[in-house]
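The following pair of complexes shares a single chain, chain A, combined with chain B in the former and chain C in the latter.
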Partner chain A sequence: MNELVVFVLIYPLLFAVALQNRVGKENPYKVGITGIIMGILALVLLNNTLGKGEVIAYPVGGWGYLKGIVIAVDQLSLLLGGLIHFIGLITLLFSSKQFILKPHIFVSLVLLCIMGLNGMVLTADLFNLFVFLELASLVSYALVGYNKEAEGLEGAFKYVLMSFGGSMLVLWATALVYGISGSLNIVGAAEAVRQAPHFLQITIIVMYVSGFSVKAGLFPAHAWKADAYTAAPAPVGALLSGASSKVAIYALFRVLSVLFGWSMLSDMNLGVILATLGLGSIFIGHMLAFGQSRLKRLLTYSSIAHIGYIIIGLSVFNMLGTVGALFHMVNHGLLKAGLFYFAAVATENDEIGSLKGLFRRSPGLAISFVAMALGMAGVPPLNGFLSKWLIVMGAMEAGFYIHAAVIVIAGLMALFYYVPLVQIIFTPSDEKQVLVLERSQMCVIKTVVAISVVLFFIGNWVYPVFQEVASNLIYPDGYIDAILNLN
Partner chain B sequence: MVLSGGIILFICALGTLVIPKRFLSQYCLLTTAFIFVMHWFLPQQGQFSFEFFGFDLELYVYHPLRQLVASAFSFYALIFFIYVFGEQQSRWFYFLSMMHVAAALSFLFVNDSLSFFIFWELIAVSVVLLVLEQGYHSLISTYFYYQMTSAVLLFIGIGITYSVSNSLQLAVVPAAYPFVILAVCIKMAILPFHVWMLETYPKVPPTLAVLLSGYGTKVGVFSLWLLLPNLKFEVIGGIVAVVAILYAFKQHSIRRFLSFHIISQIGYMIAGIGSLSTTSVTGAMLHIVNHIIYKGLLFMIAGILLTKFGTDNMLEIRGAGRRSPLLFVSAIVAAASIAGMPPFNGYFSKTLLTQDLSSITYYLLTIATVGTAISFSKFIHYTFLAQEKQLQTDVSLPVTWQITLISLSFTCLILGIGPALFWQPTVLEFKPLLTSGFAVFAGITLFKWKFEAIHHIAVLITPETASVSKKIAFIYGKAVIRLRGFHTGNIQDYLLWFFASFVLIWICMFLWI
Partner chain C sequence: MELVIYLTVAGLFFLGAYGLMTQHNLIKLIICLNIMEAALLLFLVKLSYRIGGTFPIIRSGVELYTDPVSQALSLTAIVIGASTTALLLALSVLVYREYGTLDVRQLRRLRG
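Presenting the complex of A and B:
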C-alpha cells in the first residue's frame, strides 16, 4: 500500500498533462475534480493503513535515506494533505461556473499548485522540500496574474520578488545543513546539526524562519500578500490563503522540530521572537483591514492576522497551543476560503459598496456571510471560537500573557471591520434584482458554513485526533525512527 | 444525567426551523410553558458534566438560587410568548428569541468558565441577530462592540484564572479581578458603561425591548455572584442606585427612563450580592426575580403606549389613564413594585436584601427608594393623570396583551404577599421593615411639593456622559491611517523590511543566548 504515497505526489501532474488533450479541454473542471477526488481517496486509504502513532516512510527508488529521496507520511502530513485537497476541491467546484479564460490551463495550474503543496507536506528531504516549494510558488505567480490585467501582473511581480528572497534563504539554509552533515534528509542531518556550533545553528534557524515567513505572509514580510491576493481571481485567493500559507508554516515547524527537537527550540528564545512577529501580524492585519473599500483586500489583511494567531499558538511550544494552532489552520482555511468565494459572487468589481442591500437580493448568501464573519471573529457557536480558545489557553499556560490578551482583543478588532460590512449588507437598497447564484456555488458556501458549525459541536471527537497530530509535531521520535529503519 | 431547561430549549429552538409557520407561536408557548413547569415544580438535584475539548464542563449544577432565577427566566419567556402571540413575526424571530432565552437559562446552571463564556457570548450574539432580523441594522454596532469588549475582558480574566489555578473554576483569582469586574460592569450596564443599553432598549421595536429587558443585564448581576464570591463591594451598589436615579429624573422618553431605572435597580442587586451575607444575597436573587416581572410589565406598558400613541414621550401622551383603566392599574402596580411599596413584590425583596448591609449602603438605598418613588410619581402623573391631549386615539387592547398585563400584575402582588407559598427561604428571619413604605410616601409627597426644584438639581449635577467610545474609535482610525501610510505598495520598502527583519532576528537570537 505504501506506493499510494507516490500516487498522491504525482497524480496532479498526470491530470495536469491529461488536461491538455481534447477530452481535458472540453471538460476541464470535471477532469480536475475527478483527479482531486482520487487524491482524497488515496489519502483516506493511507489514513486507514496508518495505525496510531505510526509513520510510513517510503524510499523512492529504494535508495535508502542517505542517498535517495524519502517520502514520509504521518497523521500531521495527512491532516495538511487533507486540508489542501479539500480546499482545492471546493475551489474547483466553485470556479467551475466562474468565467475564467482557458479553464483547462487554470485547472492544470491549480492541480500543479496542489502537487507542490503536497510535496512540501509529504517529503522528508530538505532539497526536495525546496523544489516543491519553488514549484508551488511558481504556479502561484501564474495563478495570481492569471487574468493578465495590469493589477494582477503587478501583484504577481511583487510576489515573485519577495518570494524569491524567501526561497533564497531556504536554499542557503539547506546548503548549510548539507555542509554540516553531508545529508539532505532531515533525519539524516539532524544528529550532525544538533552538534554543530551554536553560531551555525542559529543561522540555520533564522534563515528557515525568515524564508518560510515570506511564504506564510508573516510580519514583516506580509506586505506582498495584500497586492497579490487582491489582484488574484477570488478562487485563487481562497486556495493560496487557505492552503498555501498554512503549508509554509507546517514546513517551517516540521523542519525545525525534526532538526533540532522541540525542547532545544523552546530553550532558544525562538518562541518569544516568533510570537512577537505573530503579534505584529495580528496588529497589522486587523488594523489595516479596518476601513478597506475592497473586500478581497480586507480578507487578505484578515488572513495575515490569522497567520499571527497560528504562529503564536505554535511558538508557545506546548500541547494546548499546538493543538489550537493546528485546529485554527483548518478553521481559518475553511472560513477564509468561504469568504473569498463570497467576495467572488456577491460583489461587483470587489467593491464593498456593491454589497448594499444584499440581504434583500440573496438572503442565504447574506446569512452565510454573517456566520462566516462571526466564525472569523471567534464567536461561538462556530469553530473559530474553539481554536482561539485553545490558543489563548495554551499561551496563558506558557506564560505568554500579553500575546494571549492580544489574541482575545483581536476578536474585537476583527468585529470593527466585519460589523460595518454586515450593516451594509442589511441596508435596503433600490436595486430589487434578485442575485441568482449557480447551484454549485451556493452549495459550496453553505457547506463551508455547515462544516464550521458542525466542527464546533463535534469538537469533542475532533480533539483527540488533533492531539495525536500535535504529538507528531512535538515528539518527532516516531518520524525519525521510521526513516532510520529504512537502511 | 440531568439536562438543564436551557439545553432542552436549545433543542426545541431547532424545532422552530422546521414546523409549519402557523403553529410557531403555539409551539414556542408550549415549550416555554413546559420549561417553566420543569423549573418551578420539578427542580432536579444532581449535576451533569462531560469532557469537551480536553476540559471538564459542568453544564448543570443544582443550587436553590440558580433554580429560583431560572424559574423567573422561564416564566418571563412564557409571558413574552403570550405577548407576541397575535403578532406577525418571522420564523427567524421565533428561532432567535428561543435561542436567547435558552442561552440565558443555560447560563444560570453552568459551573465552569468555558461554557459560562460560550453562553455569555451567545446571549449577546442572539440579540445582535434579533436586532438585525427586525431591520434595525444601524443599532447593532454599539451593542455588539460593548458586549464584545465585555466578553474580551472576561476571556482574559478566565485565561489568567486558568494559568494560575490550572482549572476552569468560575470564581476568578485576584489577579483577574480588574478584567472581570470591568467585564461584568459593562454587561450590567452600570454607569458609565450604559451606552449600549440606551442605544438598544429605547430604539428597538417595543416587542424586542420587552424580551431584552428581561435577560440582558440580569445575567450580569447573576454572574457577579458566580465570578466574585469573595469580594465585598456593596457600597458601589448604593452609589449606582442613586446616580442612575438622578439621570432618570431628566428623561421624558418612557423607555429611556425605564432603562435608567434598570440600572438603578441593578444597584440594589449589586449591594445585596456584594454584602456576602446569605440573607442579602438571597434577597438580591429574589430582587432579580421581582425585577424581571415588574420591569417586564413596565416595558410592555411602554411598548403598548408607543404602539397606540405613536410616541413614548410622557409629556406628549398625557392622560392615558382615563382611556384605558387596565393599563393604568397595571402601571400603578408596577410602579408600586419598583418603588418598594408594601405589599408588592419589590418591598419584600428590598427588605430582605437590606438586612445585612452596612449603614452607609442602607441609607444610600433609602435615598434611591425615595428617588424611585419621585420619578415614578412623575411617570404616572404625566402619562396617566395629566390633562388629556390625544382624545381620538383608540386604546383598546388585544386579548393577549390583556392576559399578559393582568398576569404580570397579579404576579407582582402574589410575589409580594406570599413568597412563602411558592418558595421557602430556609435560613431567613423575616423582619418586616416599614422604612421603604415610608420612603415611598415621602417620595410621592416630595413630587407633589417640590418636583421642579428636584428636576433642576438633577439636571445641574448630572454631567452628560462624554462619549469615550467615539474618542477611542477616532484614535484607532488615526492609527490605521498612519499605518496605511507605510504600506505604499513600493516593493523596495517591502524587501528592505524583510531583509532588515532577517538581520534583526539573527542578532536577537545571537545576543539572547
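Presenting the complex of A and C:
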C-alpha cells in the first residue's frame, strides 16, 4: 500500500499532461476535477492504513535514507494534503464558472501547483523540499499573470522578485545543512546539525525562517502578497491564500522541529521572535484592510493578518496553540476560498461599491457573505471562533499575554472593516435587477458556510483528532524513528 | 583559500540583493537574481570539492573523489534558475507591451 504515496505525488503531473490531448482540451475542468478526486481517494486510503501515531516512510528506489530520497507520511502531512486537495477542488469548481482563456492550460497549471504543494508536504528530503517549493512557486507566478492583463503582469513580477530571494535563502540553508552533515535527509542531517557551531545553527535558522516567511507572506515580507493576490484571477487568489501560504509555514515548522527539536529552538527564543513577527502581521494586515475599495485587496490584507494568528499559535510551542493553529489553517483556507469566490461572483470589477443592495438582489448570497465574514472575524457560531480561542488559550498558557490580548483586539478590528461591507450590502439600491447565479455556484458557497457552522458544533469531536495531528509536530520522535529504521 | 571562496559567495549574494534594491530596470533586476543564484551555485560546487580528488566515477587505483551529490544539486539548481529566468523574461516582454516601459517605478497601477 505504501506505493500509494508515490501515486499522490505523481498523479497531478499525469493529469496535467493528459489535459493537453483532445479529450482534455474539450472538458478540462472535468478531467482536472476527476484527478483531484482520485488524489483525495488515495489520501483517504493512506489515512486508513496509517494507524494512530504511525508514520509511513517510503524510500524511493530503495536507496535508504542516507543516499536516497525518502517520502514520509504522517497524519500532519495527510491533514495538509487534504487541505490542499480540498482548496484545489474548490478552485477548479470555481474557475469552471469564470471566463478563463485556454482553460486546459489553466487547469494543468493548477494541478502542477497542487503537485508542488503535495511534494512539500510529503517529502523528508531537504533538497527535494526546495525543488517542490520552486515548482509550486514557478507555477504560481504563471497563474498570477495568467490573464496577461497589465495588473496581473505587474503583480506577478513583484511576486517573483521577492519570492525568488526567499527561494535562494532556502537553497543556501539547505546547502549549509548538507555541508555540515553530508546528508540531505532531515533526520539524517539532524544529529550533525545539532552539534554544529552555534553561529552556523543561527545562520541556518535565520535563512530558513526568512526564506519560508517570504513564501508565506509573513510581516516584513508581506508586500508582494497584496499586489499578487489582488491582480490574480480570483480562483488563483483562493488557491494561493488558502493552500500555498499554509504549506510554507508547515515546511518551516517541520524542518525546524526535526532538525533542531523544540527544546533547542525555545532556548534560542525563536518562539518569541516568530510570535512577534506574527504580531506585526496581524497589526499590518488589519490596519491596511481599513478603507480598501477593492474586495480582493481587503481579503488579501486579512489573509496576511491570519497568517500572523497561525504563526503565533505554532510558535508558542504547546499543545493548545498548535491545535489551534492547525485548525485555523483549515478554517481560514475554507472561509478565504469561499470569500474569494464571493468576490468573483458578486462584485463588478471587484469594487466594493457594486455590492450595494446585494441583499435585495440575492438574499442567499448576502447572508452567506455575512456568515463567512463573521467566521473570519471570529464570532461564535462559526469555526473561526474556536480556532482563535484555542490560539489565545495556548498563548496564555505559554505566558504570551500581550499576544493573546492583541488577538482578541484584532478580532474586533476585523469586525470594524467587515461591518461597513455588511452595511453596504443591506443598503437598498435603485438597481432592481436580480443577480442570478447558477445553482452550482450557490451550492459551493453554501457548502463552505455549512461546513464552517458544522465544524463549530462538532468542535468537541474535532479537537482529539487535531490533538493527534499536533502531537506529530510537537513530538517528532515517531517521524525520526520511522526514517532511521529504513537502513 | 576556503575563506576567499566563502567571502566570494557571500559577496556575490549580497551584491545581487543590493542590486535588487537599487536597480529599476526589469532586465537588470533579472540579472541581479541570476547573480544571487550564481553565488549559491559556487557554494554548492565548493562543497563538492576535495583537494586532490578526481571526477566521481568509481575505478581502480583512485581513492579520493569529489562529491557527486552536491554537483547534482547544482545542476538541479541551474535548471530551476533557468526556468525562472525564462518565465521572468517572458513576463518582462509582456510588461513592456502593456506599459511601454521597463522601469519598475512606472509599474504602479496596483495601489493601496
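Just so we're on the same page, the second predicted complex is superposed on the first by the 487 of 487 C-alpha atoms of A that agree within 3 Å, B and C clash if a C-alpha of one lies under 4 Å from a C-alpha of the other, contacts with A are read in each partner's own complex, and residues count from 1 in each chain.
FYI, contacts are C-beta pairs under 8 Å (C-beta built on N, C-alpha and C of every residue); 3 or more make two chains touch, one makes a residue touch a chain.
Note that the structure is a prediction, hence the values are computed from the model and not measured.
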Residue contacts on chain A - larger count, chain B or chain C: B
First, second, both or neither for A:Leu252, with chain B first and chain C second: neither
Partner chain in contact with A:Val209 - chain B first, chain C second, else both or neither: first
Which of chain B and chain C A:Gly165 touches, first, second, both or neither: both
Chain B versus chain C as contact partner of A:Leu279, first or second or both or neither: neither
Partner chain(s) touched by A:Asp227 [first = chain B, second = chain C, both, neither]: both
Chain B versus chain C as contact partner of A:Ser293, first or second or both or neither: second
Touching partner for A:Val408 - first (chain B), second (chain C), both, neither: first
Which of chain B and chain C A:Gln467 touches, first, second, both or neither: first
On chain A, the residue positions that both chain B and chain C contact, one per complex: 157-158, 161, 165, 226-227
Residue ranges of chain C touching chain A (in the complex, touch as defined): 13, 17, 20, 26, 29, 33, 36-37, 40, 43-44, 47, 69-70, 73, 76-77, 80, 83-84, 87-88, 91-92, 94-95, 98-99, 104, 107-110, 112
Complex contact set, residues of chain B against chain A: 50-54, 114, 117-118, 121-122, 125, 129, 132, 135, 137-138, 140-141, 144-145, 148-149, 151-152, 155-156, 159-160, 162-163, 166, 476-477, 479-480, 483-484, 487, 489, 491, 493-495, 497-502, 505-506, 508-510, 512-513
Touching residues (chain side chain A, partner chain B) in the complex: 157-158, 161-162, 165-166, 169, 198-199, 202-203, 205-207, 209-210, 214, 220-221, 223-224, 226-227, 268-270, 273, 277, 284, 287-288, 290-291, 320, 323, 370, 374, 377, 379-381, 385-386, 389-390, 392-393, 395-397, 399, 401, 404-405, 408-409, 411-412, 415-416, 419-420, 422-423, 426-427, 459-460, 463, 467
Chain A to chain C touching residues, read off their complex: 127, 131, 134, 138, 141-142, 145, 148-151, 153-158, 160-161, 164-165, 167-168, 171-172, 175, 178-179, 184, 226-227, 230-231, 292-294, 297
